[in-house]
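The structure under discussion appears below in the form of structure tokens.
Order as written gives the chain letters A, B, C, D and E; numbering starts at 1 within each chain.
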Amino acid sequence: MRMGKVIGTLVATKKDEKLIGSKLMITQPLDASLNPKGDPIVAVDTVGAGIGELIIFATGTASRIAARKMDAPIDAAIVGIIDEINMDN
Amino acid sequence: MRMGKVIGTLVATKKDEKLIGSKLMITQPLDASLNPKGDPIVAVDTVGAGIGELIIFATGTASRIAARKMDAPIDAAIVGIIDEINMDN
Amino acid sequence: MRMGKVIGTLVATKKDEKLIGSKLMITQPLDASLNPKGDPIVAVDTVGAGIGELIIFATGTASRIAARKMDAPIDAAIVGIIDEINMDN
Amino acid sequence: MRMGKVIGTLVATKKDEKLIGSKLMITQPLDASLNPKGDPIVAVDTVGAGIGELIIFATGTASRIAARKMDAPIDAAIVGIIDEINMDN
Amino acid sequence: MRMGKVIGTLVATKKDEKLIGSKLMITQPLDASLNPKGDPIVAVDTVGAGIGELIIFATGTASRIAARKMDAPIDAAIVGIIDEINMDN
């Protein structure tokens, strides 16, 4: 998984029907200092994350597991909201 | 998924026969400011996307799910056309 | 797999229920000189790794195999603690 | 998939026996201007590509599908030869 | 697959038990000029590769296929030793 920050939402009316009902969140990956790093991911929210929250997201098969939609074309999902980080780098 | 812009199409007469009938779109990934970033992907269109449109694309198994072709050598597919982005980075 | 260093832990109260009981470790990938390189991964610990330890981590399906949780939204796991490196680059 | 150019071939006598009979092509990924970008991939040829040709290649499970060898340790394959590119970036 | 050079070995006493018996080789990916590029991978040797040898390695599911250990947390494996490269970039 990666740490990320939810920075937006996205609406796509014309989309794969298996994505209907999935909330698409624009998620910015973060570096070890929790600064933005790398390009934004469009992740399915599975935990009720809101804009501005720090989250962890998973990619690949793990994201379809998180969404409980193994037959949907999902490759990224938010799987947790970060409460606390204890870092020593 | 990633945000991208359809920047072209591609014709390959000599190709895996399982790709026949799939429209191959050259897709430029975008950064958080919706500027081009990273290298172009050749994605199968599954939603009727046109050149110049902002889309979301998925990679890996998710793309074969989108194409409804689990036995085709596809690793990227356009899964939605973006109508609206609400971003706050 | 990649070499990494455990640099922190992370608490997420609101998370996918399949992640309950998995210890989430913030892991910094390392380069050939064992210096930090690239962005931190949130990996499930499966070997009792502690902060500051050099470890190897796996991603993708391999991480769910390591966690013995094929139905959990895991895409990275610590699979070994490094005792000794013999390098000649 | 990605656009690439076949830049070489590779011989490995000592290799996984499931790779016997697969032609290994060194493939340079290309950017949107069709210039070399990123590091070379060793891809199994499945379409009769020759050195210097522009091709599309797939990675991961898609490459084993292309090679019709689901039990071979293949993670990249050439799946089409590019005839024509219409790009507008 | 990628071209790489074996630059070291690694010992991890405390590790996933499914990794017991697998030789872990530190492998440096190479660019088109066969110079080091990118960060080292820890790959399972499946072909008897030695330090300093040029090899090809596979990642993901392909690596578990190569290791003949589908239930081990492996995501990278050496699948061939390079005898000859014919490159024209």
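The rule we apply is simple: a contact is a pair of C-beta atoms (placed from the backbone, for glycine too) under 8 Å apart; a residue touches a chain by one contact, two chains touch by 3 or more.
Everything numeric in this text was worked out from a predicted model, so none of it was measured.
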Worksheet item: How short can a path of touching chains from subunit C to subunit D be, counted in steps?
Response: 2
Worksheet item: How many links in the shortest chain of touching chains run from subunit D to subunit E?
Response: 1
Practice prompt. Touching both subunit A and subunit C: give me those chains, sorted by label.
Written response: none
Worksheet item: If you average the CA atoms of subunit B and of subunit C, how far apart do the two points sit, in angstrom?
Response: 31
Worksheet item: Just how far, in Å, is the C-alpha centre of subunit E from the one of subunit C?
Response: 19
Worksheet item: Where in subunit D do residues touch two or more other chains at once?
Response: 60-61, 63
Discussion item. Touch as defined at the top gives a ring of chains. Read it off for me starting with subunit D, then subunit E, then onward.
Written reply: D, E, C, A, B
Worksheet item: Which residues, counting only subunit C, touch subunit E once they are in their complex?
Response: 1-3, 29-32, 37-38, 46-48, 56, 58-63, 65-66, 77, 79-89
Discussion item. For the complex, give me every residue of subunit B touching subunit D.
Written reply: 7-16, 18-19, 24, 26, 28, 36, 39-43, 51-52, 60-61, 64, 71-76
